[in-house]
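Please find the structures below.
Two complexes are shown next, each including chain A; its partner changes from chain B in the first to chain C in the second.
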Partner chain A sequence: MSPLLMAALATLAIPAGMTLLFGVVPMLRRTGKPAAILSILAATTVLGIAGWLFATWLGNPTESLQIATYWLTMGGQPLGQVGVHLDGISVSMLLVVATVAWCVQLFSLGYLSDEPPNGLGRYFTYQSLFLFSMNLLVLAPDLMQLFIGWELVGATSYLLIGFWYPKPAAAKAAIKAFVVTKFADSGLILGLMVLAVASGGFAWDAPITPATAEIVAGLLFVAVMGKSAQFPLHIWLPDAMQGPTPVSALLHAATMVAAGVYLIVRADPIFSAAVHVREFMTYLGAFTALFAAIIATVQTDIKKVLAYSTCSQLGYMISGLGAGSLLGGYFHLTTHAFFKALLFLAAGAVIHAVHSNEFTDMGGLFKKLKFVAIAFIFGSLSLAGVPGLAGFYSKDLILEAVHESGNHFALFALLLTAGLTAFYMTRTVVKTFLGQMSHSAEHAHGPGPSMTLPLLVLLVPTIALGWAAGPFATLFGKPYEFHMGLVGYTAIALGLGGIALGYLVYGLGALAFLPRLFKPVATLANSSVMDELWQSVYEIGGQTPSRAAAWTDRYIVDGLMNFIGWLTIVLGQQLRKLQTGDVQDYLYAVFGAAALLALFGGWR
Partner chain B sequence: MTAILLIASALFCAGVFGLLTQKHAIGVMIAIEVMINAANLIFVGLGQHKGAAVGQSFALFTIAIAVAEVVVGLAIVLLLYRSRGDVQVDEAREMRQ
Partner chain C sequence: MDGTFTQAWLQTVSGGGFPTLTVLTLLPMLFAIFALFIPGELGFAHKAMSLVGSLITGLVGLVVLGQFDRGAVGLQMVDNFNWIPSLGVRWLVGVDGLSLPYVLLTVGLTPIVLIGAWSAIEKRWKEFGIAMLVLETGMLGSLVATDLMTFYVFWEIMLVPMFLIIGIWGGKQRIAATVKFFLYTMFGSLLMLVAILYLYQKGGGTFVLSQLATVQLSDKEQLWLFGAFALAFMIKVPVFPFHTWLPDAHTEAPTPGSVILAGVLLKLGTYGLLRFAIPLFPAAMGKASPLLAVLATIGIVFGALMAYVQTDVKRLVAYSSVSHLGFVMLGIAVFNEEALQGAILQGVNHGLSTGALFLLVGFLYERRHTRAISDFGGIAKTMPVYTAFFVFITMSSVALPLTNGFVGEFLIFAGSFKEGVQSSILPPDGGGVAWRTMVLTCAGVATLGIVLGAVYMLSMVRRVFFGPITNAANELLKDLTWRERFLVGTISAFVLWIGIAPGAMLRLSETTVHAMVQPIRPQIQQVRSKADFQREMRNAAMIRPQPTR
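Right after this comes the complex of A and B.
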């Protein structure tokens, strides 16, 4: 076996081993710190392996290695595989996951320093489990293993959102996230079934007709909508912010929610055949991007802003993939993973300093948390699409692709989103780091080294990854040349305009009518309308058939059983009367029977 | 031979009639004895008809067993009397429970 494959298997085995170790040695888990350090060491090893694999693939981008064994058969025909598949896409995704996971685990050590040892150990057990599950998903040789990893990250997401489960809001959010994504995942299961029946396997490039591809892609996309928080299944993501901030950075911004995008990239042979589904993706992604960006402009909780921003950027990716730009969607996934993780971790450092998520408890923190502020500002600029930073290049690829696809609605929505993104990120920066210092901000304390180092590491790709778009494109075997079109200039203008406007409104207090203009739309979008909508969908679509089933069970199925019971009792009571207790009555029966036997049996 | 079989059958039927109609426990037991003796009559009669002693020896066995049966039966009658104060078989319906 090639050492590359062995290394890839190690990226699965090491975190899985850690989870198992913490699981079976409660001593280790309960002392907290040793578990944390072991988990971080494991993540470091995985990061090293991922870096080595990525470096190898940069030298030889088109190579593809696989080791897999069939474990699932249907009617004697091999169906599902388990193993690792290495190519440009999986190796680069592995590096993204490993980098962000390493940063987050290290950051958590500082962020959760007030946590009791027991909780800390539990946290790192989940973190190791997540790293294993995500690697399993990323390295999947077919859709079946991806599905297994997909469900495992979903379960880890549930565990980590509900990490502070004594808090009712956290417990509720965890259940909501789980239920909503599981509801969506039924699409994935159905899609897999259709695919298995149509092609006899779960391969990425299964040979299927375009009509089947539409069905499979449509079903898979339902699961993507759940996992990647697309309208109208986005409702769980803002609530998921109840989890610890590093968790939000890793699962609900950088990696897990991007799994949906990764699925589309992986299953491209299926999706590229499904023209209608792709068109729907372009529209829905663009709509989600705009919708979430509008909501983000009125949030008062720094994590909620970032959560809606994640929704919005995932919409960007989906829209780009729908328009046929595999590279654009995937490259934006990568850059977004880094700068959004950076933003979340910086926000985590702020929250750690002021012990609150609300803007009202922040303000003027630039003086107290200089490095954090600089990191956050660079992340915001990258997200806003300022030329030269990573987010600009990936966003531009998507915008160009949508422009070429000729979908004017999507292009308009995405451009508007670009402006709004710059606007709300400026608002966030101003409200957090500039302006009047709040009471709790005055007592803010700076982060320790374990929190600063991850920010520093993530700052590098946030700034510089865009310059590596060329080598990145070779992983897809595609040429990349940077060129600025009208769309690109418009996006820059809107981005810079958004920043300027944001600073004017929130920094200088000018144009005060603008926020008021936004308010009605945003309040409506922000209200519980969506939740209530789903509630009624659940009541009509879920409870009505359930009630009917309950009625059938109670009165038809149980009724039949009760009738049989009643019949037995009545018959028994009638038969009982034969039992007189008089010996001579029984003897009548005996002799009567003997006489009958003699008559019909003996004297035949 | 036919005469013996007819007499034995008549005797057996009389025993059955007594068994089914007698209300007194002793009467029931007498009816049973009558039935046993009907069987004995067939044993002896057939033995003579065939010229074999086996019928007679079986009749002797049956008489011995009938004695044992009478002992058990009288014991039951005695216990019935002790527990109920009378020996009317149609009154003793405890088997119903």
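Right after this comes the complex of A and C.
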């Protein structure tokens, strides 16, 4: 076996081993910090391996290696592989996951320093489980293993959102995330089934007819909508912010939610044949991008802003993929993973400093948290698409692709989103780091080294990854050439305009009518409406039938059985009266019967 | 007594090998007889005796597994004795890939249940130990017997200890629950007995399954006999609408009773369908399978909905059984290799995960003497290990990949979809469209059943374990003891093992399933496509314009 494959297998085995170790040896887990350090060491090894694999692939981009064994047999025929598949896509994604995971684990050490040891150990058990599951998903040789990883990251997400389970809101959010994505995942199960029937396996490059591809892609996309938080299944993501902030950075911004996008990239042979599904993706992605961006402009909780921003950026990726830009969608996934993780971790540092998520408890923090502020501002600029930073390049690729596809609605929505993104991120920066210092901000304390180092690491790709778009594209075997079109200039203008406007409104207090103008739209779009809608769907679809079922079970199903029982008893009691024990009665009966028989016989 | 009788006994020993299965079946009974001679005051001796008995049986079970040839078709390790020569009843026992997983499940769960009972059962250990051992013999006998009368004897033997376990060691409403349980099961069994006797007449005085399977029956006879058999088994499973005995029985039964009931007894219903009802009456199965599929699907959804509104944890788990066994029934109704493999495996899975859930609920009950969800909340804080196990088993119950539940349900879905999209052995007359549409619909609805499963299980977990502690009584709860950890830990290991490497379990039944599907499926299919063909002809006749003169 090639050492590359062995190394790739190790990226699965190491975190899996950690999880099992922590799971089976509670003594170790309950030590807290040593367990955490062990987990971080494991993550470091994984990161090292991922880096080595990535470097190898940069030298030889078209190589594809695979080792797989059959996991399930179906009617005597093998089906469903497990193993690792290495190519440009999986190797680069592995590096993204490993980097962010490493940063997040290190950051968590500082962020959760107040956590009791057993809580900390539990947290790092989940972190290791997540790293294993995500790597399983990324390295999947076919859709079967991808699905396994997909479900496992969903379960880890449940565990991590509910990490602070005594908080009722956290426990509820955990269930919501699990159930909404599980509901969407039925699309993935169904899609896999159709694929298996049509092609005899779960390979993403199996030859299928375009009609089948439409069905399969459509079903898979339902699952993507759940995992990657696309309208109207996005409702779980804002609630998921109940988890610890590093978790939000890793799962709910950088990697897990991007798994939907990764699925589309992986299953590109299926999706590229499904023209209608892709058109729908373009529309839906653009709509989600705009919709979530509007909501983000009125949030007062820094994590909620970032959550809706994640929704919005995922919409970008989906829209780009729909328009046919594999590179654009995937490259944006990558840049977004870094700058959004940076933003979340920086936000985590802020929250750690002021012990609150609310803007009202922040303000003026630039003086207290200089490095955090700089990191956050660079993240925001990258997200806002300021030229030269990573987000700009990837966003531009998507916009160009949507422009070329001729979908004017999507293009318009995405351009508007670009402006709005710059606007709400400026708002966030101003409300957090500039302006009047709040009471709790005055007592803010700076982050320790374990929290600063990850920010520093993430800052590098946030700024510079865009310059590597060329080599990155070679991993896909796609040509990349940077050029600016009208769309690009418009996006730059809108982005800078958004920043300027945001600063005008929130920094200088000018144009106060603008937020007021915006408020009704944003309020209308705000999640509570969607939440209530889903709540009623849930009630109508779940609780009412449940009550009906309970009634039926008690009064109809069981009632019928009880009625039979009652009837038996009643009949028995009545018939019992025939047996009087009186010989004369019996004789009457005998003679009566004989007489009847005689009569009957004679009449015949 | 003259020599011929003894001679006849000896001659009918087939193969002359060691009668492993006979020993396996009768060992628990033997220990039950030993236990009779130990005074009832020695509770400890009875705990030890029953455990040793079940452990030795477990070892014999391992021997059976070791001797089992996975590649061989047909029954293995057959012991064939003349049991009641005057009636033609034979002691004919054997295992194949269909029964072996359940035999292993039985011999594995019984010791676990007995250790679990150390704290759950507080009185009359003598009677309890004996009841459990007799029950084990009943279950094993039902699984290995392939003579219908022998099977029936064991089938009824199971009923009595279970009746006693619920009736003596059960909860407050135990008598009502036992009566319900007994009446339901007895009702089905008696009809089956009538059918067995009818077959016995038709088959020329034998109860041997393989001989009865060749008896020529008219369509009508097949349908009635199948109905009688299927009803008995469907009540046992239980299939909607025959399920109402189950929640009562489960709720009132003591923990060991619930675990065995969910773990093994219910599975005997699905096993019986596969072993007896379908091979004996394939044509009737062809007619009935759409009904079975629909009832199975209703069961999945109905059970899930019912589970959602329960206020008692144990009752919730009981209704979840109805839902889970719906999946198994769907696999049986579809009856192709994938679905059957899935159904057999899912039976084992359900035995493990629901068995573990009942154990866990029992542990909680022993601490708090309540099972009402509203009495709990936030106990993850006081019982972290317990919570970890409970959440893990919950994940198995909601079919998370890398737990056993996923593999079984996935195979059932795969089989159903294959059946729905491309019934490969459809005759060319174009029939079967209605059936295929129906199977697809059922499978689609069943997919939603998984989501509902997540809803009710996780809501319960949230209300019991998460949030703040609201009830002061929960603040001093003790976490699991080592004995309890060992019990659920063992089951959890199997849950994980089947989930990660399902191949070993699947290969156990692969050959048998293949050999079973090959001859039976065409017969089922033939009936089905004939019916569809006729329906389509009728439709065509109605649509066809009248010839004009």
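Quick note on the criterion: the second predicted complex is superposed on the first by the 537 of 604 C-alpha atoms of A that agree within 3 Å, B and C clash if a C-alpha of one lies under 4 Å from a C-alpha of the other, contacts with A are read in each partner's own complex, and residues count from 1 in each chain.
The rule is short, and it goes like this: a contact is a pair of C-beta atoms (placed from the backbone, for glycine too) under 8 Å apart; a residue touches a chain by one contact, two chains touch by 3 or more.
The structure displayed is predicted, hence computed values, not measured ones.
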Determine, for the superposed model, which of the two partners chain B and chain C contacts more residues of chain A.
C
Contact-wise, after the overlay, does A:Ile189 reach chain B, chain C, both or neither (first, second, both, neither)?
second
Contact-wise, after the overlay, does A:Pro168 reach chain B, chain C, both or neither (first, second, both, neither)?
second
Let me test your reading of the model: by the given contact rule, A:Val179 touches which partner, first (chain B), second (chain C), both or neither?
second
In the superposed arrangement, which partner chain does A:Gln584 touch: chain B (first), chain C (second), both, or neither?
first
Touching A:Leu58 in the superposition: chain B (first), chain C (second), both, neither?
neither
Quick check on the output: what are the common chain A residues between the chain B footprint and the chain C footprint?
none
Per the touch rule above, chain B residues touching chain A in the complex are 16, 19-21, 28, 89-90, 92-97
In their shared complex, at which residues does chain A touch chain C?
23, 26, 71-76, 79, 118, 147-148, 151-152, 155, 158-159, 162, 165-168, 170-172, 174-175, 178-179, 182-183, 186, 189-190, 193-194, 196-198, 542-543, 545-550, 553, 557-558, 560-561, 565
Write out the stretch or stretches of chain A touching chain B in their complex.
579-584, 587-588, 591
Per the touch rule above, chain C residues touching chain A in the complex are 183-184, 240-241, 243-244, 302, 305-306, 308-309, 336-338, 378, 380-381, 384-385, 388, 391, 395, 398, 400-402, 406-407, 410-411, 413-414, 417-418, 421-422, 443-444, 447-448, 450-452, 454-455, 458-459, 462, 465-469, 502-503, 506, 510, 514
